[in-house]
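I've put the structures underneath this note.
Below are two complexes that have chain A in common, paired first with chain B and then with chain C.
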Partner chain A sequence: MAEIAAPARPASRSLRFDWKRFLSRYGALVALVLLILFNLAVTPNFATWQTLNVNLTQVCAIVIVGVGMTLVIATGGIDLSVGSLMAIAGALAPLIFMGRIVSMPHLYAGVALAFVIPVLVAGAFGWFNGWLITRLRIQPIIATLVLFIAGRGIAQVMTNGNLQVFKVEEFQYIGLGRLFAVPFQAVLMGVIVIGAAWTLRRTVFGRQILAIGGNERAARLSGVPVVSVKRRVYAISGLLSGIAGLIVIARNSASDANLVGLGMELDAIAAVAVGGTLLTGGRATIVGTLLGALIIQLVRYTLLANGVPDAAALVVKAAIIVLAVWLQRQNLS
Partner chain B sequence: MSTPLLSMRGIDKRFAGVPALLAASLEVGRGEVHALIGQNGAGKSTLIKILTGYYTRDAGEILFDGAPVSFATPAAAQAAGISTIYQEINLVPYRSVTENICLGRESRRFGLLDWRAMHREAETLLARFNVHVDVRRPVMTYSTAVQQMVAIARAIGFKAKLVIMDEPTSSLDEQEVGVLFDVIRQLKAAGVSVIFVSHKLDELYVVCDAVTIMRDGRTVRVAPMSEVSKLDLVTTMLGRRLEATEHRTAAAAASGRGDQDGALLRVRDLAAGRKVREVSLDVRPGEIVGLAGLLGSGRTETARVIFGADQGESGTVALSGSSGTIKEPAEAIRSGMGFLSEDRKLEGIVPAMSVRENLTLALMPHLARRGIVDEARSREIVDRFIQRLGIKCAGPEQRIRELSGGNQQKVLLARWLCMNPRLLILDEPTRGIDVGAKAEILNLVRELADQGLGVLMISSELEEVIEAASRIFVLRDGRTVADLQGDAIGEPAIMAAMAHGHRERAEEAMNG
Partner chain C sequence: MRALAPQAVRSLSRHGVLLALVALVAFGFVRYENFLGSYNVLSVLRYNAMFALVALGMAYVIMTGGIDLSVGSTAALGSVVSALLSPYGVLPGLLGGVAAGLAVGLVNALVITRLNILPFIATLATMLAASGCALLLAGNQSVSVSYESGFTELGQGDLLGFPVPAWIAALAYVAGSLALNLTAWGRTVLAVGGNEDATRMMGLPAERVKASTYLLSGGLSGLAGVILAAQFGAGQPIEGVGWELFAIASVVVGGTLLTGGVGSVGSTLAGVLLLGLIFNILNFENGLGWISLSAYWQSVIRGAFLLLVVAIQARLTARTEAAS
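Let's turn to the complex of A and B:
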């Protein structure tokens, strides 16, 4: 039995450095460090508090949605509805705190409800995605396409297609406030990332997510409650989309059902892929998704700060995704 | 009949160095219905796939219609007149019969579809099978039998000289099987040859003229159908002569005890789908019960229904000490069952996870406090089972896909043993693992049974079942046909039941 020999880390076994394996494991981190070093050398005024804050606020929504997307992809699924769910949450919140649905006796009551209800509604829609997938056995890409299309429509119907402009500091704290000089949304992002990473690694729920993505049939035969785990995962993705929707409208002091979360599903999937999560499920890294989102953001920032137009930045973004997926395949073979 | 239509001789095929076919041969005469049978892995499918161009052969020659051929693709084989019929009906329900038949080979005139010619073509083609219908009407308005004919007619077309039917009846009900047999007779009358692959022995005698039996990649027997008995078929397929192998005395002794004990598992008249029709069996605590039968006899399907992985339609499954029917594997596990699936890769291991996580997959909820996995306890349990079962791995954190088949199987066995089950269902527990690991696993199962575990074991290897089990139920076409205990256990009895079935005896045993 030759298989007994431990196929431990190849780097320790052979003297030749296995750069492909190294890159596929730590590639995202290496790329991020290289990007930062490059910027320190080239971009003017890079090492400032302001640059950090700008980049953090830009990336928060993507990371928060990306965390939910990572969990969904870890089960072997995908969630295309995240952007539309952001729009629903973003349309609902101003309706609540501006008293358009029921008049609010107190500003704080309105703001509190404007945080809770839209997020729960988005979570409920996420759970509905899970229901379509587990009960009606629709493929995730099609099931979530339903809300990808209908969700934005629902948001537009709620607001009659109007742009909602507002200035409510208490509510906008989620997008504009600071906690010890750090943008509050970045703190929120940090908490979500750490919480999700810990859940995935240490809890029964987290391991069951990976078991389902790794081999759904085996998981079911081992008593893993596949249906309920999947529904919970899609509900979480919905909840996180709701939070991201609130951040985006708070930042803009306006909610436009046509624009909130537009294209977010693709940004989130890109962050997950670049971060090193296996798109077929079974292997996932939340921190990787954070790094992936930071890389995409920083590349865009670098190009813009150095006078390259946004359109060109999109091409570079695409190239990074291709590279990341190629590296993943190297690790598999 | 001068030269045969098809003659395959000395066909060799290896996959990654492992021989799948060794000088296999197959000869089919013109207008002959030829049965091709063999156990799982005997090489039937490989031989057929070489003929139809899915695989290329390593050696040997194929003569078709008098000329040497070597098809590069299935399309080339079809163009030369070899059609294959699949199990399901694949039609476009809303479109007309003509459209379904002519799909992909439409007649055109001046660049437009020539409907008149196509309708005529469809009518003539169906007339060959004695079907006379209005070909302009949608296919869905006709009965299943007609639809099936349309599907077959489309597959065969006008040019087929040889039609391959790979287990065509496994998803058909009796009436549909009758229709299919009519088609085969009509094909035969029209001079078309048929290769008929099936595990249902009775069917072979109804329609086939001759039979080729394969075993371990070789053609072991070719004979006219009328010259082989069912028992011959079974013994040749399994490669055994009718000598009684002595059944282990230890196991025989075990069967004596516990007759008065209540059954742990009691299955009565279970039916589910087409594969499980009327299965009854009992498992008592501390007993290893074998479930024998040919491929397709419904063994795995029965096990899956018992475990709640599939739903039963009628009949009862009762596990002592638990009430209500089991609808999900999770419920089965809660009431003390474990199920080792026959397909380790597809339904057993989670390849990207470690040995530890695979081993504790079912146990994990019990290892957690408030949803958080107790890693220390999990490590302790895993270390204990790695040692006890002698699992050879670099450590509990090694990925399971890096282990050998035998060690993977031990991890999966440990997945259930650490749950302390009352009943363990083992589906082909020793398939694809080396001899040493095989013996270790069987010894372990025996040891556990001595401690009171009830075991239901499915195995295609008769020797294995006979050695391990103290009671054997034989399934045939989804029905329990024999219940053998003690001295009655032996290869002749099992094979006789597989070949003919002994309903009366089985019923006596169940009622008595």
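Let's turn to the complex of A and C:
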């Protein structure tokens, strides 16, 4: 049979500066630098500790959830339940340290349990997502839609929909505390980002995640334990959502099951998309997600600081998402 | 064990929702007084009409293998626009809301078919943009509708003893069902979902049909927004949160496959009513006084129900695959 050779790439292409390719690879970083330069020139009082702190604390929860989302998307999946899992963790923690479930003998015991149990519960729900996807072979978007709907309901039922207000410094350290003048949540975020980036690049688990996202069938045939990797990835996404939930309630000194994590799935997906992770799986960048979240936050801050209403910022955010994904496609074709 | 024939499986997953709906209604009828009384039936229909419209658009989009996350904020935008136009009369309010929805649908269609961006991401972006536009137009607060122009009849009125929103939804579903089953357009919608490349190679206008489903979904969401504004007397820029997922759940419960290519309009309506009735039955159950479940249980039960349906669907599809 005669084979038809693919047309050779024009040689001139490699010589010319391919700005589309450059932008799709380093676009996030370039955009962030441009944004910072723009702000330094235009926004009053931009180069202050306070601005940095405000932006960091706004972005921490999104980045932490976004890291889990990046891993999930890297396998070719999606996790819509993250916001609801945040609400569950956020509802559970005050119930524990305020002694509403079992009375706590000691404050520290209560606070320690309030850190551990809600995160583990959120992780267990995440594992359940993975179980639905691998055992029942339900598409990720539908499997996680179940907990998106039911999860917030569970949190509301636990608290009967009531606002839980508290003032427990030991617990709130996770959202308000400082480590060497840096907000503790930013330190936590940094540790998670570095840990996840290292896992994705340097460990077998990380390579398996990317292999599954690239071609699941091929990965299975070459001996990658697809089922267990996927379950672990969704469990990690759950754990990280739990941590983010604790940060949010600690920052607010209150937990409202109706509001904690509302819309977080969209923010996290947007950060992942803007960061340059391939939404169909197989290629992922944790640092990109961090940059993506920073860009979205900084755009919002820039607009707000310059008197543009928050609603208009939403429209700009939409345009950024489309632009980022479009640039990403240019790299592929 | 003899495997079920693929045909039987398909009809089971399509009519299963109808059986479940009949069972739920029968349960309610036996257990509660006034469950099938005209007041309850009419108010359930009135309230769920807007969800039915949104789910209809979503069903077409999902049949092509796509998804539309922007329906909720499109409805919010439609409600704001129609509320702003309601002083000029019923028709301007109605047309304005639908036009706003169509505009969002057009953006979706262009971004998805021209820029080749995944429907999931494209409609996520327009969801944010539509929500932003709604908030800007409304000035961050709900916009009261005009009560003099008769606009509120669209949501609160009755025609021949039947709520107006229910008439609108019923008409939309009849037209939608005919269009899906009897027109070339409808066949192409299913063909695109089944195999987009093959559809294109056969010379069918795959891109245009795909684009048309997003336009339709936008227009129907805008219409749902008009009803929302008319029913509650205000355009509500922050309503519609989570509608997209409720609509997706209704479509899936109705047996439409998320991978596209298979779907039914009638079963989607059954899916909407089924999920809507759960809330209604919860209210009745509380009324009996045996148990007291807060409204928050609603979403837990809905989630559990969705889980049940997709689990059954997954089993049935797996068997069909094994059989063929």
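FYI, the second predicted complex is superposed on the first by the 318 of 333 C-alpha atoms of A that agree within 3 Å, B and C clash if a C-alpha of one lies under 4 Å from a C-alpha of the other, contacts with A are read in each partner's own complex, and residues count from 1 in each chain.
Definition applied: contacts are C-beta pairs under 8 Å (C-beta built on N, C-alpha and C of every residue); 3 or more make two chains touch, one makes a residue touch a chain.
The structure presented is a predicted model; accordingly, all values stated were derived computationally and were not measured.
Shared-chain residue A:154: touches chain C; no touch with chain B. Shared-chain residue A:202: touches chain B; no touch with chain C. Of the two partner chains placed around the shared chain by superposition, chain B is the only one that A:214 touches, whereas chain C remains out of contact. Using the contact criterion defined above for the overlaid structures, shared-chain residue A:222 touches chain B, although it does not reach chain C.
By the touch criterion defined above, A:282 reaches chain B but does not reach chain C.
In the superposition on chain A, A:97 makes contact with neither chain B nor chain C. Of the two partner chains placed by the overlay, neither chain B nor chain C lies in contact with A:301. Of the two partner chains, neither chain B nor chain C is touched by A:115.
Looking at the superposed arrangement, the partner reaching more residues of chain A, out of chain B and chain C, is C.
The interface of chain A with chain B does not overlap its interface with chain C at any residue.
Contact residues on chain A toward chain C in their complex (touch as defined above): 78, 80, 132, 136-139, 141-143, 145-154, 156-157, 160-161, 262-263, 266, 269-270, 273, 279-280, 309-315, 317-319, 321-322, 325-326, 329. On the chain A side of its complex with chain B, the touching residues are 1, 3-8, 202-205, 207-208, 210-211, 214-215, 217-225, 278, 282-283. On chain B, the positions that touch chain A within their shared complex are 307, 309, 329-330, 332-334, 339, 341, 346-353, 357, 361-362, 364-365, 368, 371-373, 375, 392-395, 398, 402-404, 406-407, 415, 434. Touching chain A in their complex are the following residues of chain C: 67, 111, 115-118, 120-122, 124-129, 131-136, 140, 241, 245-246, 248-249, 252, 258-259, 294, 296-304, 306-307, 310-311, 314-315, 318.
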